[in-house]
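I'd like to ask some things about the structure below.
Chain IDs A, B, C and D follow the sequence of writing; residue 1 opens each chain.
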Amino acid sequence: MITQDTIPTRPNKMTDWAKLRADFPILDQQVHGHPLIYFDNAASSQKPRAVIEALDRYYERDNANVHRGIHELSNRATTAFEAARERVAKFINAKTPEEIIFTRGTTEGINLVAQAWGTKNLRPGDTILLTEMEHHSNIVPWQLVAERTGAKLAYLPVTGDEGLLDLSKLDQLLTREVKLFAFTHISNSLGTVNPVAELCERARKLGVTTLVDAAQSAGHLALDVQKIGCDFLVFSSHKICGPTGIGVLWGRQEVLDAMPPYQGGGEMILTVDFFKTTYKKAPHRFEAGTPDISGAIGLHAALDYLDAIGRENIFKHDQELAAYAYEQLTQLKGIRLFGPKTGRAGLVSFLLDDVHAHDVVTVADQRGVALRGGHHCNQPLMKKLGIVSTARASFYFYNTRAEVDRFIEVVRGIQKFFGT
Amino acid sequence: MITQDTIPTRPNKMTDWAKLRADFPILDQQVHGHPLIYFDNAASSQKPRAVIEALDRYYERDNANVHRGIHELSNRATTAFEAARERVAKFINAKTPEEIIFTRGTTEGINLVAQAWGTKNLRPGDTILLTEMEHHSNIVPWQLVAERTGAKLAYLPVTGDEGLLDLSKLDQLLTREVKLFAFTHISNSLGTVNPVAELCERARKLGVTTLVDAAQSAGHLALDVQKIGCDFLVFSSHKICGPTGIGVLWGRQEVLDAMPPYQGGGEMILTVDFFKTTYKKAPHRFEAGTPDISGAIGLHAALDYLDAIGRENIFKHDQELAAYAYEQLTQLKGIRLFGPKTGRAGLVSFLLDDVHAHDVVTVADQRGVALRGGHHCNQPLMKKLGIVSTARASFYFYNTRAEVDRFIEVVRGIQKFFGT
Amino acid sequence: MSDDLDDLYQQVILDHCKSPRNFHTLDGANRKGEGYNPLCGDNYTVFLKMNGDVVEDASFQGSGCCISKASASLLTATVKGKTKAEVQALFAKVHDMMTTGTVSDEGVGKLAVFAGVHKFPARVKCAILSWHAVLAAVEGKDGPVSTENESD
Amino acid sequence: MSDDLDDLYQQVILDHCKSPRNFHTLDGANRKGEGYNPLCGDNYTVFLKMNGDVVEDASFQGSGCCISKASASLLTATVKGKTKAEVQALFAKVHDMMTTGTVSDEGVGKLAVFAGVHKFPARVKCAILSWHAVLAAVEGKDGPVSTENESD
């Protein structure tokens, strides 16, 4: 499924992972007297020197406001900002850079669609179809717009601990009442990789608009919005080696063209009178006010960095670590594992009998291993699985097998410490 | 008026302006063969090394997602992010850090209030009172919410080229039908400093909610939201030595507590069920998704930097340069000047007879002087004044009298070049 | 195990989290308080049997981490026999201790084992969770209280 | 004055901006096109008298910068006598020249003075503004066209 959606970037290159790791200054530190093992990549990734330096360079040489300026610095800033838009378009194979809207992140992208598209297109009786494995960011904005428009929500079920979408229920749920179907590409708490192209195709046949939450996939596997066949796709820069504060909403041109504005202000207008305003076309219509210029420029550097490695290579690396970690964890006693047994993305999610996830994470942290414990912004899913939280280790290309070994050793130590 | 609103920071210190200037790497460059004179500060300010280094440090040592994490880096990031909130609260003398909401900038802050507060509090027949000198960002969001709620807009007039608010019309316009009065502290195209505390007092007597657009004042004069007496105040980081992508909405606690959420997603929720969600209190209720963590940290460094200089000192410096430039410009033939003759903030706005503002700016740029030409996102005001654009030079503390001299010389050269 | 960890998971705490005391509903309870920690989704209910202003018996129910469970367990043992005012005063002391790490007063007794939690900012809410619940209970407040906007 | 500036403000351009030709409304015009530049708020109307597919006369009105005025002035002189197809082809050439700086074709004639504008990315929209208007006019499109989303 996944490989069918990908653009071959550099599949045959030999990757020097250790050398890449050295590009990340933050990884070279001790935490509580132990070398840092950063396994919280699904929450936010670290940044290579190339990205940090792109920010420095911008502020030390080219900083100015964009679009409205004529002077040299403003030209440079505008050129760099729009070059970032083009780079993003290339990264996901959008038809044109005009389909790329800069947002604060995945969450804002979804809210933008829910408000601007949703308010215009949803009526009482319409259904918004989500899945049970969605992040709060792909649930709450739809609840808010459902309340406002009278539309109702429905959820495609998850099969249980193994965390697959129950596609057998799709026919029953994906009906003509559904106006929008929004789902995640990769689950941030289960590691499930969903068949996004297939889901989009099923939706398209019924004229249902689709949104793909690519927060967990954008920096991990090659994305091609045209092959996926969705109408909207969103992701965050901070999870894919870029700065915080910026993200991307991609929308199909025709869909964007028919959407009313979201926020109002500078940059998004054609003419303003005291009582009447006309708006620019996408993407500017949806980017009111001074954008996060340095954020876009940092994201550009991050995408260059990722594509130099090749997203196939990254995904393969992530998957190998996750499969290895999963394998090792299954050998422990008193452990409950979540997510698919095979084909998982680069993370593992687990619970130890009688040790709460937050105690696991606290002790691991004291051993230098950064994990995440909690509901991972998946409270409804947790409730369905009868739990409140899990402990999660999530990997990226700078992580190593030796780190996974150490992680397993630490988990064993935790079991001993709490005497289970 | 202004000095009554200020907190004395360091009024008696001798400031070494040349030394401060050396803190800005970007200023040390040639543009088109001339030393850069950056007079586009009202659009965006430059950043001192301390801010750039704060970003670097964050990404090289402490980067992680905030709030939901337990491990060391996440603790550090959360602590730094919340420390930035406290620093902002101190910067504007908010009662508590909980009154500080991080936004993308001024524009998003106003949109947040217009949507969350406005949708709840505005009814058909209600009036939103603005002024004729507002930035598009303080007009368009109100037009959008007026359309949605049936409220109507009214504008307090500007007197003409000298650009003062016509306070004689206030009694007539500020009536009990007015639910919200939003106005700028300093006009970005005229340099007018409005009597914000007086306007807020008049509004408060009628129970009218007030919003102050402090985009042009926050980094230039000391602000005390309690003395100003407003209900909301907004500003952008990028205009006050901080990074792009972050800004501040301050709201009075009681007002924030009664406001429904704006965007939905992670970080802003207490509990999420498939069909029902409960929300945190302010500020988190209004900060959905991963925030611009590095932006907040950079802003913190910027505020420390500004307060080490002392905002009184900055404002005095800005005003002196503006008064001097204004003085010099009045001596040119065929020039039309905008904004108050005295008491202006740190900018000058002008038009040359028969030379379009954009031609002025292009030629000035070729001489190394960065000006801005255009409507400055004040199209309705421009129309009222019977013009489409002005040329603007806007100053900050790193600018010098010698730069103003050079600017005047360049303007003279332009008049000659176009043979007027 | 490193020192900080031992400070957090003291033997008393490990003991109470593995074998929580008063971990049941309470017959004859006339007050209850619920505490919810949105960071993790955990929640506890503290049950009180009050006679006028005096806590005659206390118990708790719910689920959560080792720290929160041990804290609730020790809490229920501690508040028995105390007046409303004494519980309120104790809350203030315990809160102060958990956030600063200094045991400023004899009054906290056995609860001093929670001083180490201040070194773990993300876990302070765990230790304080049931204290919010008991405060709500003695003060007769309705509905669940949350540790959110807790200024720790 | 530096070289780049002289490229932009060539003598011909300065001359046309100070004394624009065909700067009036047009008696007997049967087509008009409006162009609006949202960056600056300037706008021009181009008037055409067309006989079938042929532009018999052209004029313009509006206000804007030196570049845009000179461009409109030269444009009105140039399009007289051309067919719709010729104007369309010329638009493409002029657009190409203004964004790349290369004069690829004899066809542009005097308009070659605008090649220098490509070095001033923020001013390309000025030079092209009236061209959008004339294109709309010959193609009989209604309503103002804007340079926004112009891929320059």
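Just so it is clear, a contact is a pair of C-beta atoms (placed from the backbone, for glycine too) under 8 Å apart; a residue touches a chain by one contact, two chains touch by 3 or more.
Nothing here was measured: the structure is a model prediction, and the numbers come from that model.
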### Query
Can you name the chain that lies farthest from subunit B, using the mean of each chain's Cα atoms as its centre?
C
### Query
How many Å are there between the centre of subunit B and the centre of subunit D, using C-alpha atoms for each centre?
37
### Task
Mind checking the centre-to-centre distance between subunit B and subunit C? Centres are C-alpha means, answer in whole Å.
46
### Query
What is the distance in Å between the mean C-alpha positions of subunit A and subunit B?
32
### Summary
Shared-interface residues of subunit C (touching two or more other chains) are 39, 41, 120, 122-123
## Note on the structure
Residues of subunit A that touch two or more other chains sit at 32, 68-70, 74, 269, 271, 358, 362, 373-374, 379
### Query
Can you list every touching chain pair?
A-B, A-C, A-D, B-C, B-D
### Task
Provide the residue numbers of subunit D that touch subunit A in the complex, in ascending order.
36, 38-39, 41, 120-123, 146, 148-149
### Of all residues in subunit A, those that touch subunit B in their complex
25-26, 29, 31-32, 36, 38, 40, 43-44, 46-47, 51-52, 55-56, 59-65, 68-74, 104-108, 110-111, 114, 132, 135-137, 139-141, 143-144, 153, 155, 236, 238, 243-246, 261, 263-266, 268-269, 271-277, 288-295, 358, 361-362, 364-365, 369-374, 376-377, 379-380, 383
## Note on the structure
Per the touch rule, the subunit B residues reaching subunit D in their complex are 32-33, 355-359, 362-363, 366, 373-375, 379, 382, 388-389, 417-419
### Query
Which part of subunit D faces subunit B closely enough to touch in the complex?
1-2, 4-5, 8-9, 14, 18, 39-42, 63-67, 120, 122-123, 126
### Task
Note which residues of subunit B are touching subunit C in the complex, please.
67-70, 74-75, 78-79, 98, 269-271, 280-281, 284
